[in-house]
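One chain, chain A, links the two complexes that follow: it is found with chain B in the first and with chain C in the second.
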Partner chain A sequence: MKRTLFIIKITFTLLVLALAILPVILSSHPWPEASRDYLYEHALTDTGAVNTVSSIYLGYRAMDTLGETLVLLVSITGTMGILINLGRESEEEEAVSFSLAPEKRPTNAQRTHLLEVVSSKLGPVVLLFGFYVMLYGHISPGGGFQGGVIVASAIVFLALGTETQTKLTNTNVLGRIEALSFLVLIIAATSGVFFESGFFGNPIKSGSSLSANFIILLNIIIGLKVGTSIAVMCIAMMGGRRGH
Partner chain B sequence: MTFLLLSMILALGSFALLSKDLLHSVIALSALSMLSALMFTILKAPDVAITEAAVGAGVSTIIFVWAIRHTRRRSKD
Partner chain C sequence: MVIERILIFLLALIGFTAIVGAKNIIKKVFGLNILNAAVVLLYILEGSRIGDQAPILGEGITNMVDPVPQALMLTAIVIGVCVTALALALAVRLYKATGSLEIDTISERLRSEH
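So, the complex of A and B:
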């Protein structure tokens, strides 16, 4: 009985999927080419970025990137709000301090010797690669968000692997970097208004030697914002609770 | 190559759905992310591939493992 029900479910799912994909396969309508050709000709001169993807999401559609950053900010705020109240039983107990203190190490079941050795060696390399992806987002594939996530995983590696707590794995410092970079992002987004180039317009007029300067700036800000916020969330998840 | 990758992705996805052990499912999802990152690279979308590899195989695995540690690992039935 259970098995037939399962087979019916699978068949129904495949049927619905096939019905959804069928128009795409059967359609003889040609792919829209107008915007592709426009971007191929104008993206480099409009924004100065060789990588067309980053010229779209930080040049033409920078508003969407601001929305994505806001979504990430709200979700991290919600997660931290849940995690702060998770560990305490009563109201009198003080809020949990999110840090991977050395005395918590033996109680943490995830921390094994192999993990410490590998992740402490791997962390700095991954951190360097993350900053490379972030800073060269206008030339090579990558960008602020991707580099930020790689930086976040490097910070998690370092938090798991290193013996002493450094500034890089301190959640207070990381949270301040996140707030500051979001403030700078808002300032950079509105600064174009005062220099006659519109919201998210480049305030620095073209003619300077570095044509993609505004995209590089936005990449750095977004990378720092994404990296520190995800790192704060992961460190808070791994080391937040006491006695577990 | 594409067919091989797609069938492996399908197999890993069904394993993640059907497995009774949630930790095995998470590792299968992580491997699925790596394979789809390879797939995106073949389809000439390296930006998406970097995002998929970093988010799917890195950060989401950490979050899932944390969630499993604080709940039950094995499925009931």
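So, the complex of A and C:
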């Protein structure tokens, strides 16, 4: 009886939601072409990036990217603050968890032999691909955020696969890289003020062949920041916080 | 053109059902992710209505899609990852505190404690 009532409630809620969002999803209002045409004409000369998505989020709307990295920073701070005292309370619970062979550090707890072999071989390749996506974000599909996420998955692969803990999977080192890249991002953002192009403006004069270098710099910084933050969060969730 | 929209609509409904109806916290987080994916797909679909080429300038690019929704959805994806991470961290904490991920069991145990 209680379950039937629950299902009726869910169905009613879904019907109301469907009535609300169906007109939005099915609308055939013509999409405006003004922004597309403007970007097609001016994006290359304004910012120097061939990839127009990069020229939007690192050129025209770079302030939005700063806010986005701040959200990421707040999120990782919250996650680490919530997770930081876990695992210290009960030692016997760790012994019965996934552990195949309890190694010295708790990161090793969820490993199997298959996972170990595959991820340790795959890690460096994925890391290289992540840096490729990060560095070529201005002329090909990709960019700082995408490359950063690939770098983060490579670090997680390495953390799951390597026998001993390296610098690359140490949360202290990763956290320092994150803080440093955020500092460099702020410095790069304010550097435009001294060259008469405003906050987050391109300090190199637009129209010259070097003006894409600012986009490349921002892509590298944002990629490092996103990659290290997500890697730190994943390693903390695997329980590797204490292992250093 | 309509079939994609109906699929996106179904995806949004699936995500919302998981958020409202599922009893497990992890499944609720999955539902949040599915709803996020539906919104991202809807924006990309809207932006691709006025063109059919990737928004990367170069030789032969004359009819590219609108890059503005793609740049917006980049933000939405990153924020979605942040929200997922925080929600999962809270779920881990709740599991350590009460020993369960089902919301009925959690509220029962919390009530019996006080």
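Simple rule for what comes next: the second predicted complex is superposed on the first by the 185 of 244 C-alpha atoms of A that agree within 3 Å, B and C clash if a C-alpha of one lies under 4 Å from a C-alpha of the other, contacts with A are read in each partner's own complex, and residues count from 1 in each chain.
Here is the rule we use: a residue touches a chain if its C-beta (ideal position, glycine included) is under 8 Å from a C-beta of that chain, and two chains touch if they have at least 3 such contacts.
Because the structure is a prediction, the values reported are computed rather than measured.
J.: Based on the superposed arrangement, let me know which partner A:P141 touches: chain B (first), chain C (second), both, or neither?
T.: both
J.: Going by the contact rule set out at the top, does A:M237 touch chain B (first), chain C (second), both, or neither?
T.: both
J.: Quick check on the superposed pair: does A:T190 touch chain B, chain C, both, or neither? Answer first, second, both or neither.
T.: neither
J.: Of the two partners chain B and chain C, which one touches more residues belonging to chain A?
T.: Of the two chains, more chain A residues are contacted by C.
J.: If we overlay the two complexes on their shared chain A, which of chain B and chain C does A:V50 touch? Say first, second, both or neither.
T.: So A:V50 only meets chain C here.
J.: Let me test your reading of the model: by the given contact rule, A:V133 touches which partner, first (chain B), second (chain C), both or neither?
T.: Touch partner of A:V133: chain B, not chain C.
J.: Under the stated touch criterion, which partner chain does A:T166 make contact with: chain B (first), chain C (second), both, or neither?
T.: Neither partner.
J.: Output the chain A positions appearing in both contact lists, the one against chain B and the one against chain C.
T.: Residues common to the chain A contacts of chain C and of chain B are 51, 53, 141, 143, 145, 149, 230, 233, 237, listed in rising order.
J.: Chain C touches which residues of chain A in the complex?
T.: 6, 10, 13-14, 17-18, 21-22, 25-26, 31, 33, 35-36, 39-40, 43-44, 50-53, 56-57, 61, 64, 68, 71-72, 74-76, 78-79, 82-83, 86, 89, 139-141, 143, 145, 149, 226, 230, 233, 237
J.: With touch defined as at the start, can you tell me which chain B residues reach chain A in the complex?
T.: 46-47, 49-51, 54-55, 58-59, 62-63, 65-66, 69-70
J.: So in the complex, the part of chain C that touches chain A is made up of which residues?
T.: Interface residues on the chain C side: 2, 5, 8-9, 12-13, 16-17, 20-21, 42, 46-47, 49-51, 54-58, 64-68, 70-71, 74-75, 77-79, 81-83, 85-86, 88-90, 92-93, 96.
J.: Could you please specify the touching residues of chain A with respect to chain B in the complex?
T.: Interface residues on chain A, with respect to chain B: 51, 53-54, 109-110, 133, 141-143, 145-146, 149-150, 152-153, 156, 230, 233-234, 237-238, 244.
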